[in-house]
Structure formats: C-alpha cells, structure tokens
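Two complexes follow with subunit A in common, the first pairing it with subunit B and the second with subunit C.
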Partner chain A sequence: MNNMVMFIILSGLILVFSLMTVLTRRILRSAVFLLFVLLATAGLYFMLDYMFLAAVQLTVYAGGIVVLIIFSILLTSHISERAAMAGRWRMIASALVVILGAGVTLYTIYSYAFKPSAETAVPSTMKSIGNQLINYGDNGYALPFEVISVLLLAVMIGAIIVAKKEVK
Partner chain B sequence: MAFSIYDFSSFTQSIHEGLSNRLSPAGTLAVEWVIVGIVILLFVAVFGLFLVYAERKVCAFFQQRLGPMRVGPWGLVQTIADFIKLLMKELIQPARADKFLYNLAPFIVIIVTFLAISVIPFAKGLQAFDFDIGVFFVTSITAVGVIGILLAGWSSNNKYSLIGAMRSGAQIISYELSVGLSLITIVILAGTLQLSGIVEAQRAGWFIYRGHIPAIIAFFVFVIAGTAETNRGPFDLAEAESELTAGFHTEYSGIKFAFFFLAEYVNLFIVSAMATTVFLGGWMPLHFGNLEEFNHVMDLIPPVFWFFIKVFFVIFLIMWFKWTFPRLRIDQILTLEWKFLLPINLFNIILMTVIVLMGWHF
Partner chain C sequence: MHQGIPLHYFLILSTLMFFIGIFGFLTRRNLITILMSIELILNSVNINFVVFNRYLFPHELQGHFFSMIVIAIAAAEAAIAIAIIINIYRNFRSIEVEKVDEMKH
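Right, the complex of A and B next:
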C-alpha cells in the first residue's frame, strides 16, 4: 500500500514536470523542471531499494547534466528571453506526431503480457555491484567497463585539445 | 528498558515499538518521518545559529577583538536576536527577476543540506538513514546544491549575482572532484561505503592513523577542497564583498537570505562531520594501543561528545583558514585544484591501493 502511494506520487510528479518542461517558454525554468523529473526518477529507484542507481542518477543527471545545461543557459541567454510560439501548421503537425507516438507506446505496453520473472533477485548491495562491475566471468561487466573508461579518456583528451590555447 | 547514552539503538527501537503498538504500519512510518524531520530541522536551526556565533567569536579573537558581548552573557544570544530581526524583515523581490526561480533557489540550497545531514552518524544508532552507499550519497546530494546557487544568481537579474554564481559554480564543480577522490582513498582502506560501517571499521584505530601517509594527505586535501565546496574563505570569491557586494545572494533579504546564510554554516558542519566520520573515527573514542587505563577512561566519555569534539576541531581548523589566509583569485583557485590537488589525489589513490594490497597499513 505504502509503495503504491509513493509510486503514484512520484510518477505523478514525473508526468506533471515532464509536461511543464516542454510547455514553459522560459528556457531556464524548463531546465529546472527537467531537474525535478530526474529527481523524481531517482525517488523511484530509492523506492525499489536500488540505492546505487538512485545515487548515480543524482550524480550524473541532477548534479552533472542539469548543471551543464544550466551553465550553458547562464552563459548564452538573457533573463527576458522567451521561446517563440510555433506557427499553426507546426502545432498541428506536432500534435499529430505526439498522438501517433503515444498511441504506439500505449499499444505496445498493453499488448505485451508482463510476466513476473522466475529467477531469484540478485542482491543490489554496493559490494555485489562492485564485484560484478570488474568481473570477467559469467555476467561480468569488465569489458564494457574498460571500453567505457577508454572512451571517457579519449573524450577528456579531446576536450583538453579543443579548449587549449594556441601556442604562438 | 534501560537507555544508555553510549548506544542509541535501544532508544530508537523503543520509540519505534511504542508507535507500532498504537498505530498502523503506515501511520508509524508517517509519524517517524515527522519526528525525524523536526529533529533535523531543530538541529539545523540551533546548530547553524551557534556556528554563526562561533565564527564571529573566532574571527574576533584572531583580530584581537572581543566580538559580540552585549546581548546575553558573552553575547551568546546575539545570533538569536539577529535571526529574529531577519525573520521580521520585508521580503524584497527585484521587479525584473524570474519570480518562480528566485523564490525556489533558497529552498534547493537548504533542502540539500537537510538531506546530507540525514545520513551522518552522530553516535551508535543515532543516524536517520544508514545507506549502503553512504559516502556516495553525500557526494551526489551535495552536487545538487550548486544548482540552487546558479539559479539564485541568474534569476536575480543582477550582474553581481550572476558573476558570483558563475564563479561559485565553476569552483564547486572543480572541487567536487577532490572531495570525492579523497573520500575514495579512505573507502579503499575501509572496504565499504556505508558510513556506520566506516565508523565501525575504525574501532581498531582511526583511519588517519591506520592509513598513515596517504590518509594524512587525503585528510588535508579533503579539508582544503571541503572549504572550497562551502564557498568559505580563502575561497569565498563567489561573494567577495569588496567587488561583488554579496555575490549570488545580493538581492535576497529576510528569511530567504537567512536560508543561504544558514545553509553555508550547515554545509561547514557537513564537511567537518564527513571529515570526522571518514578520517577521525566518527564517534569512536581516542585509544592508544596498550594503555588500558587510559583507554577505559576515554570509553567513559559518551560517543556523541566524541563526535562533536572532533567536529568542532575540524570546524575550528576551517575557521582558522578563513581568518588567516587572503582571498584567492579565480585563476589561482582553479590552478590549485586542477594542477595541484587533482594530481596529488590521483597519485595518492594509487599509493593507498598499493598499501592496502601489500598490507602495509596498521
């Protein structure tokens, strides 16, 4: 029961703030509503007792990506700016696309029979996640982990090269 | 049931049982939420006010003054009087500000501090949430706090506020790295992220002693980076009063200004509490190897007092910084982080890993 109430509150927050993110005409408010959506998603993970993923959600999305978005808005836009209203034809076209997309999603969800998994739950403690992440045996994530590390390193070196001043 | 000041778990357990006997599970949960919320709220208000008083006194002594002396004995009631004055002040809003974000920003900043306090172990069993991911949770939740500062600066529609917010944002994002990495150094030694587990692992000796060289380096890096994270002097250029009036909270008045002010001091407490928990043994008493009598006397002092003694030591250290060193420029701040603290930290993590692998720690 408690879980149901929390789920309804959190998913309600996600729905409302997702709508507000796309409906507001002020770009920084839009970013803040997006932050609330991401925080509510972290709340869902907390509700599922998946603490690690919730903290990752907070660090990467709320603390990282939203801060990056807000920083770029701070540097580029003025407080009095408003997004222009779309023309009539564009509104009609986007309404059609939205209805089509929602229809496809709802159809897929309702036509798929969700069966409870027969497998036993894997513990989501920090220790088991850590062991799994660097495990190269069955169901280990060592390879993806290393590939992502190399990718991240390459991106960081690239960023330094782009940001570096020319030596004259 | 016998309550003991040395172990609060029986105390909280009896409250829980008393409530569950009278209420449904959902009701118990709701009442417990409210109790925890009120306790943290009271703690933040009282402790924040006390820290403001302590800061003014420490500052005064460093400058050979007496500090506040008029209101109450040794000026003890001064900050409460200041707070009442702040409560009664008019809330002014700039006409061209983004009203919604302007009013939201102080709440983001203060709520983040509440969330961070909720995981700190004050004594055995005296901890609101004991997460499996304790240390990670604190670093991830403080990362959200910078959003409040950025929003406050931008939505005020004021040049000083915006410049202050940008400086503060760049500074906090940079120093977050050092805070996180210096904590990871100790996590390698502790083998757990859970804060109560980290404290329990220090029963045999505080980590700053057991991890010797790398732990001491990590402690210094953490205190420096923590000072920068809380926007305190000598890293307070985000609100450098001589050039930016008051930085990101220039346009705030009354209770909203008080929120920023209180959050700054509570963040100081959180940094000190984390330093205490991770490096200085949390609520564990001071023990010396074979001195049985000495260790026994130290055990008599309750853990809560040990925790606060250590926290006040770190707070005093950070205040000492503030009133001793001159303010750094923005380029000096970023140089310090990226060219000194970060490489030291990364090297330190490798050193700690080697020490743990070879079993060279105590």
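Right, the complex of A and C next:
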C-alpha cells in the first residue's frame, strides 16, 4: 500500500514534469523540469531496490547531463527568449501520431500476460556489480564494459575536435 | 508481483514518457530542446530495462547493466551533441533547426 502511494506520486511527478519539459516555451525552465523527471526516475530505481543504479542516475544524469545542458542553454540563448514551437497543423499531426503510437503500444502491453518470476533476487550490492562488470565468464559483462570505455574515449576526442576553434 | 505494484503500471508509465519525448522531438524547433526530448526517450527505455530485470529475471542483473550502459551512452551522446550545437551556434548565431540549412559556412 505504501509502495503504491509512492509509485503514484513518483509517476505523477514524472508524467507532469515530462509534459512540461516538452510544452514550456522557456528553455531554461524546460531543463529544470527535465531535472525533476530524472530525479523522480531515480526514486523509482530506489523503490525497486537498485541502489547503485539510482546513484548512477543521480550523479551522471541529474548531475552531469543536466548541468551540461544548462551550460549550453546559457551559452546559446537569452534567458528571456521564448522558444519557437511548430505551427498548429504540425502540433495536431504530431499529437495524433503520438496518441496512435501510445494506443498501439499500450494495447500490445495489455494483451501480453507477463509472468513475474518467482526466483529469489540476487543482491545488487556494489561488490556483486563490480565483480560482474569485469568478469568474462558466466554473468560477466567485461565486453560491454570495454566497448563503453572505447566509446567514451572516442567521444572525448571527438567533442574536443568538434568544439575547438578553427585556426585561421 | 513485486511490492504490490503490477508490472503493467511501470510499462504504462514508461510508454507515456516515451511518447511525450517523441512529441517533443517532433514539435520543438530548438536543437537543445530536441536533445532534451531524446534524453526523455532514453530515460523511459531505462525504466523498461530495470523493471523487466526486477520482475521477470530477478536472478541475474542483465537489465541493470543494460541501463547502466544506456546511461553511459546518453552521457556520451549529450557531450558530443552539445559540442556540435555550440559549433553550429558559432557559425550561424542561432540553433533553431529552420535557420540551419547550409552545410557550408
């Protein structure tokens, strides 16, 4: 019961703030609403007992990405500036597409009976996560870990090269 | 049934969030707000991974690691996209998609 109340609060926060992120005309406010959405999502992860994932969500998403976005907003637009939205017909067409898509997806979800597993949950402690992340045997995720590290290196070099001033 | 909340509720939540993100992606005119819509979409997919992991396969951590990887990729994507956006702003003095229609500067 308590969980249900918490879930309803968190999902209400997520839905309201993600709608406001998409609909508000002030870009900086929209970034702050995005921050609230990400915080509420971290709350959902806490509810599901994935503490480490919730911490990663808080530090990387809410701490890193939102700050990056706010920086770039401040660099590229005035605070008082109102964002331009699409025309009325485009809004209506997008809303129709989105409602149709959501309807089809929700119908598919409801027509499939998910059977929750009865097995005991493995603990998602720091130790087991760290062991699995660098393990290459069963239940090991060393390969994706290495791929992500190479991707991060490539992105760092790419971002520096893209954003640096051209030497004339 | 985990902690009294059916699996479907989480899926409804993430579906709605995903399509709100798509709505923003289709109607926004500013590159940064488009990027924020993409973050919403990635976040809803993360919720799906985590919930499937917790409800259907609690004996392993596959969905957990997938969503950690998605978070890492989202950070990488945001960094590179913001580098590109700032470069576009330097060349065009604007980041509205309608005004950025030349490959050369």
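By our rule, the second predicted complex is superposed on the first by the 155 of 168 C-alpha atoms of A that agree within 3 Å, B and C clash if a C-alpha of one lies under 4 Å from a C-alpha of the other, contacts with A are read in each partner's own complex, and residues count from 1 in each chain.
Everything that follows uses one rule, which is that a contact is a pair of C-beta atoms (placed from the backbone, for glycine too) under 8 Å apart; a residue touches a chain by one contact, two chains touch by 3 or more.
Being a predicted model, the structure only gives us computed values, none of them experimental.
Between subunit B and subunit C, the partner in contact with more residues of subunit A is C.
Look at A:1: by the touch rule set out above, it reaches both subunit B and subunit C. When both complexes are overlaid on chain A, the residue A:51 reaches subunit B alone and has no touch with subunit C. In the superposed model, A:74 lies in contact with subunit B only, and not with subunit C.
When the two structures are aligned on the shared chain, A:84 is found in touch with subunit C, with no touch to subunit B.
After overlaying the two complexes on the shared chain, residue contacts for A:64 are found with subunit B and with subunit C alike.
In the superposition on chain A, A:27 makes contact with subunit C only, while subunit B stays out of contact range. Touching of subunit A by both subunit B and subunit C, each in its own complex, is seen for residues 1, 56, 64, 71, 73, 75. If you check the complex, the residues on subunit B that touch subunit A are 25-26, 29, 96-98, 100-101, 104, 131-133, 136-137, 139-141, 143-144, 146-147, 150-151, 153-155, 157, 162, 165-166, 169, 173, 176, 192-194. On the subunit A side of its complex with subunit B, the touching residues are 1-2, 26, 28-29, 32, 35, 39, 51-52, 55-56, 58-59, 62-64, 66-67, 70-71, 73-75, 79-80, 125-127. Subunit A makes touch with subunit C in their complex at residues 1, 3-4, 7, 11, 14-15, 18-19, 21-22, 27, 30-31, 34, 37-38, 41, 44-45, 47-50, 53, 56-57, 60-61, 64-65, 68-69, 71-73, 75-77, 83-86, 90-91, 94-95, 97-99, 101-102, 105-106, 109-110, 114-117, 119-122, 124, 128-129, 132-133, 139, 141, 144, 148, 151-152, 155-156, 158-160, 162-163.
The touching residues of subunit C, when paired with subunit A in their complex, are 1-5, 7-13, 15-24, 26-30, 32-33, 35-37, 39-40, 43, 46-47, 50-51, 54-61, 64-65, 67-69, 71-76, 78-80, 82-87, 89, 95-96.
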